[in-house]
Amino acid sequence: MEYVAGIDSGSTQAKGVILDEHGSLVGQAILNMERNMSTAAEEVFHLALADAQRRPEEIAFTVATGYGRYRVTFGDLQVTEISCHARGALAEFPATHTVLDIGGQDTKAIRIGDAGEVTDFAMNDKCAAGTGRFLGAASFALELPLSELGSLAMQATAPVKITTTCTVFAESEIIGHLAKGHRPEDVLMGMHHAIATRCASLVRRVGLASEVTFTGGVSRNVAMVTLLQEVLGTPLNVSARAQFMGALGAGLYALDQVRAGRRSAHSQEQEVVL
Amino acid sequence: MTLVVGIDIGSTYTKAVMLDEEKRVLATALRRSGFKPAAATAALYEDLLTNAGVAHQEVTYIATTGYGRYMIPFRHTQITELTCHALATIHHFPTVRTILDIGGQDIKAIRIDERGRVRAFRLNDKCAAGTGAFMEKSAWYLGLTTEDIGPYALRATTPVEISSVCAVFAESEVINHLSTGVAPEDIMSGAITALGGRAVQLMRRVGLEADFALAGGMTQNAAMVTALEAKLGAPLHRPPNGLGQLNGAFGAALLGLRRVERLQTEGHEIPTPGGDGATGETVARRWSTFVPRRKEGQATPVEQVRPLISA
Amino acid sequence: MLTTVESSMISVLERCFELAYADMPEEGQEEDQLGVIGYFPVYFPEEIVHAAGLRPHALLGGGSTTEVRLADARIGSFVCSICHSTTELGLNGTLRPMMGFFAQPICDAAKHMVGIWGRNFPQQPSQLLALPQNANSAAAVRYVYDEYQRLCSVVAEWTGREITDEAVRASIHIYNENRRLQRELTSMKRDEPARVSTAEAYLLIRAGARLRKEQHTALLREALDTLRERPVRPRDKPRVVFLGGFCEQPPLGMIEVIEDTCFIVADDLLLGQRWITEDVPEEGDPIWALAESYIERSASSPVQYDARKPKEGMLMHMLQEARAEAVILAAAKFCEPGLDDQLALSRHLDAQKIPCLVLEFEEKMTSFEQMAMQVETFAESLLFR
Amino acid sequence: MVSPQTSPIEADARATGQRLINQWLASLGTARERGQPVAYVFVMGNAIEILQSFGFALVFPEINSLQTGVRKAAPDFLAKAEDFGFSPDVCSYVKADVGLMLSNMQHPSGVRMPPPDLAIASNLCNVYIKWAEIWERHFGTPAFVLDIPGKRHAEWRSAPDSATRIADTRWVEGQFRDLIAQCEAITGQRFDPDRLAEIEVNVNEMLRLWIEILAFNRSRPSPYNAMLDGLTYMGVLNAYRGTREGVEFMRLLYAEVADKVARGEGRVSNERFRLIFSGTPCYVNLRRMIELFESHGGVFAAADYLTYAAGGLDSAGLFYDPSRPVESLAEVSTLAAQMGLSNHFFSHHTLAQQVKDYAADGLVYHGIKSCRTVATSMADNREYLTSRYGLPTLYIESDLIDPRYWSDAQIKNRVDAFFEVLEQRTLLAKRG
């Protein structure tokens, strides 16, 4: 039995998955980025191996994705997270035609054709950057863990209208609204709405086509999912493994390589053949 | 005897200072503003009285400043933090003509005259905001406390460049540098240099007239002070014995004292609290808060400009 | 307890507010059953469209109440708010009733608006009215005349309504009367700022961008009569000139924050409504009269080059005429012409030792704490001089 | 794989171009001593022909500014302008030029730029006019604003002999007459129509060749990269427009490109994807940007930028009629503005056409944060073309010369993903 690895080396988190030769996930691991990308990738790789109870030499091929993909020293091939998120989303939800991924650094909308190919993609221009970070600012200001923001927002009864999506002013805006006596949940809902609107406009850049799959950590935020469905007017697929979509996609690309008869050469530069 | 209180209600901290007629600091107090600044301030005021060991009725005059200056019903008057900083600074350093105030949300450069009157001032562009907060966040990413930043950055050997003006992108740069294994002290020092550069740029816009003084949160940040003094090629005066954070409150108190003196020399009695509306007066009708009759789904009320005060 | 004068003033202003911030009326719903031609700032020869029996509709952006949902997918985030919100109003259907859309080459973003309109609303004709940036050539008036003639035929083609000289002359007469009343209001505000606030004057003039001019004239008359009756309580506030309202409109809240501590005795708000500064000749070729007035009887703005109107000189003249002691220089975020002039003027004022406050705004602003702080400090620095 | 840029014949035209550009820059430094009058002009709408006929030395502040970027000196100049008070939102070309003024006109090329006797700003980019106002304040040189009406909407063309064609041309000609009078006043010489006619003959010849050189890049593989080699060619096209050197350069270039096409030699050794570039380049990282694409075998066969920056003269195959020099200058300038220069406000048609003409596989938009002229409606434009033609497009964002806006990781990420898209498409096409 041969195995492959997919490593998603983002700037704030590293994720890794191990797939068997049928493409089923046998191990996964996630790690908050410490000092150095390369070491973090190594670490997450070994954690995933441990989770799958496999040894490094059993891994026939490794594909790296994410901003740090060229720093994954043991990666055999680098593929961008655009292709990987699309591939991962398709594996989980085969009817996917649009992928939305909200990350801390970037928000991406990906359009997928009927043959499962990426036909178009859009990433936030500078000022819409880090829409995910906008939530980080909220948790900072409200002194709440990120994971609780969504559920709290859902309790809103009179959402506040928030016009700025400038992350810099998010905190002061929140404090301002609270000082005016608005309830935290109402302010939070306002913020979520502002972000959802921003992300929706990104999806519109590539053209909305159902089914829509929502990937990335933020997809676990219930308020965000609800609002996006409302703003986009279509239900969203959300996988339990939403955070691992990139890594999963990378793993599947690795599997392609193995099926095409290629084996790990641990060379940095290989011609990308998708 | 005259007891004057200055309260600075900032977005993160609320600070208070009590002075006597000799401008001696009798007591100071500090609290997080939290979500209910009015309540926080009331509590803070109690702290101040306790610290000073005086009772409510002994206090002659209360002046408020900071973004919450209108939220405090028991004030006599309110004044903006810029005017307060100017007064406080000239009190400590009669030769200062340009003040730099680095706050959490914005940087302010103020030109003053020999009597501490504001002559010109400039705030950073919207897109260069959030600088102080950016320092805090960076420190947080690096696993440091705000206090550590200064000493830490001083250890830098090969500082990196943080080029983004926008705090959000700057943050991304920090994260990226970090993830590529750059030493934290080099990143921090890079961030400080960048911030210092922008601050001096702002000072130029008001004329860059010597001497210079630094106010706000960064006064205790050795690295920042060094960076700024290097850029300015001149020393930066800083408020003495930890008054830095209290500068706004101190200035408000000084102004309150002036007002009391004026009232007494002119033989008026001190008005009852509630704001003498020097600048707090509001127009007959706030059209901006007026909601037009719109088709369904269209009506969205415009935010109230600011809490209207009822004198 | 409000006086009768005050309450009738408020009722007039409420009507103005409704109009000033109302959406475009649905087809046919408008009382006078007119077709509507929309135009993007700054100036547009409304008389020509008015003469066709249509209602010219100044597009003044989405203010702080329009939620931009669709336009952000079409326009970069580094472009001013009024382009985003105007496109949004198009995409969300608010501007559907327009029979046509015009923009002028005031800036590069505005020129793009015509391209955006053409791509997204092919069923709604759109054009650039190519007003000239060279106002100093001997050939300028003739060119504007030709471009206005072209406008006449375009409007006729779009709406099937011919535009006769008699009709244009009649419209000019109506507009001249309206302009006289606007000038009266402006000078009242300048001479007795305590009698009418800038926010009030703003509502009165902005309502005119949503009404047939004859109706607006009646409304202005009523307002002016009431205002003359209004008792005035003089107050001690610094007299300032406000610049920055020539295209994207600052939110009303911003004007009010300024007026809390200052008297705005002169400004460039809604400049397009006041671009022509004198009566347009009512005899001779009316189109020529309009063209000549555009070049010879007009205000100045950061988006119109005219060697006869150096920006610094125009501002100093404004200051003296309004007996103002200080200037507030505002610029819309991402408005390059505005930002360029803001810098030049602030440097000039510094050199002249005239106090000035530099502000940055966006039509969609909703919180004014920081701005209030700056304006109050400015006022304090003026009062404690 | 970046193709060898040292193949002898390519080095030739590029080298000659570089030499001409440097010669021209150097000549500007000595214009004053020669007592040569100096005119500041922009690349879009500039009446160079008239100025040449009066023997003006031509300063292109846009080229000065981009040169600060190419020579990695931009940051200092930008910093000077921002210290002076210019907003980050203002065009970085303007700021670099202000930096130059604040540096005693000492340009990184080593040339001390002369102040203008005359400055012409057209309306084709409104920033030109604000820029010229800055010169008015700094040099006291009044601006000559040349207003050339362009398209009134995307599908709009002024028919020959139509009222508008006549009116627009008359307007432009009127301004040329004003300009000629001003030139006479400045130089103290009479206007010489025959000299203007000679210049126009030269321009016609340069143009005839330029149009064919552009057409050569339709062949596969493309002999040159429109966004690298093309920029050098353009520099000469502007600085030497109407001159003998200009004509000779174009002949040399024509021969070189023709030869390459004949030999089937491409700019990139393994041309895999033919691309169209929309927008202005990033001059600080130009090589890096091109390398990002060429390393994937992607070459820019064409760019709308070439039209804007070449005065739009190629856009409709317009030629001067030297027998009526001034009149025909007015006619051609008017049409060039209509069909070429005002196109970035309606560029969807042109781009669609270029994609067809050059058999392009994809379209790359480069948005400039501080340039509303090219970037305001790129997203809308992109949406329009992708939704209609299903064309693969890429949107990247940086700046003209401000390195602060170039984030390599982000741009590489987008470019790599774009080529993965293109690869997938070819793969699917193969599968049928």
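Letters A, B, C and D mark the chains as written, and numbering starts fresh at 1 in each.
Keep in mind that, in the parts below, a contact is a pair of C-beta atoms (placed from the backbone, for glycine too) under 8 Å apart; a residue touches a chain by one contact, two chains touch by 3 or more.
Source: prediction; values computed, not measured.
Once the contact rule is applied, which chains count as partners of both chain B and chain D?
Of all the chains present, those in contact with both chain B and chain D are A, C.
Farthest from chain C in C-alpha centre terms, which chain would that be?
Centre of mass proxy via C-alpha means gives A as farthest from chain C.
Which of the two pairs, A-B or A-C, is linked by more C-beta contacts?
Top pair by contacting C-beta pairs is A-B.
Report the inter-chain centroid distance for chain A and chain D in whole angstrom, where each centroid is the mean of the CA atoms.
The separation of the two C-alpha centroids amounts to 40 Å.
Would you kindly tell me how far, in whole Å, the mean C-alpha position of chain C lies from that of chain A?
46
Just give me the whole-number Å value for how far the CA centre of chain B lies from that of chain C.
About 37 Å, centre to centre.
Which chain B residues touch at least two other chains?
105, 125-126, 176, 300, 303
When you check chain A against every other chain, which residues touch at least two of them?
In chain A, 67, 125-126, 161, 204-205 touch at least two other chains.
Got the chain C residues that touch at least 2 other chains?
Within chain C, the residues that touch at least two other chains are 64, 67, 73, 76, 78, 333, 366-367, 369.
With chains as vertices joined when they touch, what's the shape: line, ring, star, complete or other?
complete
Taking the touch rule as given, give the residues of chain C at its contact with chain A in the complex, in rising order.
Those residues of chain C that touch chain A are 64, 67-73, 76-78, 364-367, 369.
Which residues of chain B touch chain C in the complex?
67, 79-83, 105-106, 117-123, 125-126, 207, 279-290, 292-295, 298, 300, 302-303, 305-306
Going by the contact rule at the top, pick out the chain A residues touching chain B in the complex.
11-12, 33, 35-38, 40, 67-68, 71, 105, 126, 129-130, 133, 140, 161, 166-169, 171-172, 175, 178-180, 184
Under the touch definition given earlier, write down the residues of chain D that touch chain A in their complex.
Contact set of chain D toward chain A: 367, 369, 379, 382-383, 386-387, 390, 392-393, 395, 397, 405, 409-410, 413-414, 416-417, 419-421, 423-425, 427-428.
So in the complex, which bits of chain C are touching chain B?
Its residues touching chain B are 6, 10, 13-14, 17-18, 21-23, 64-65, 67, 197, 199-200, 203, 251-253, 256-257, 259-261, 333, 350, 355, 358, 360, 366-370, 372-374, 376-377, 379-381, 384-385.
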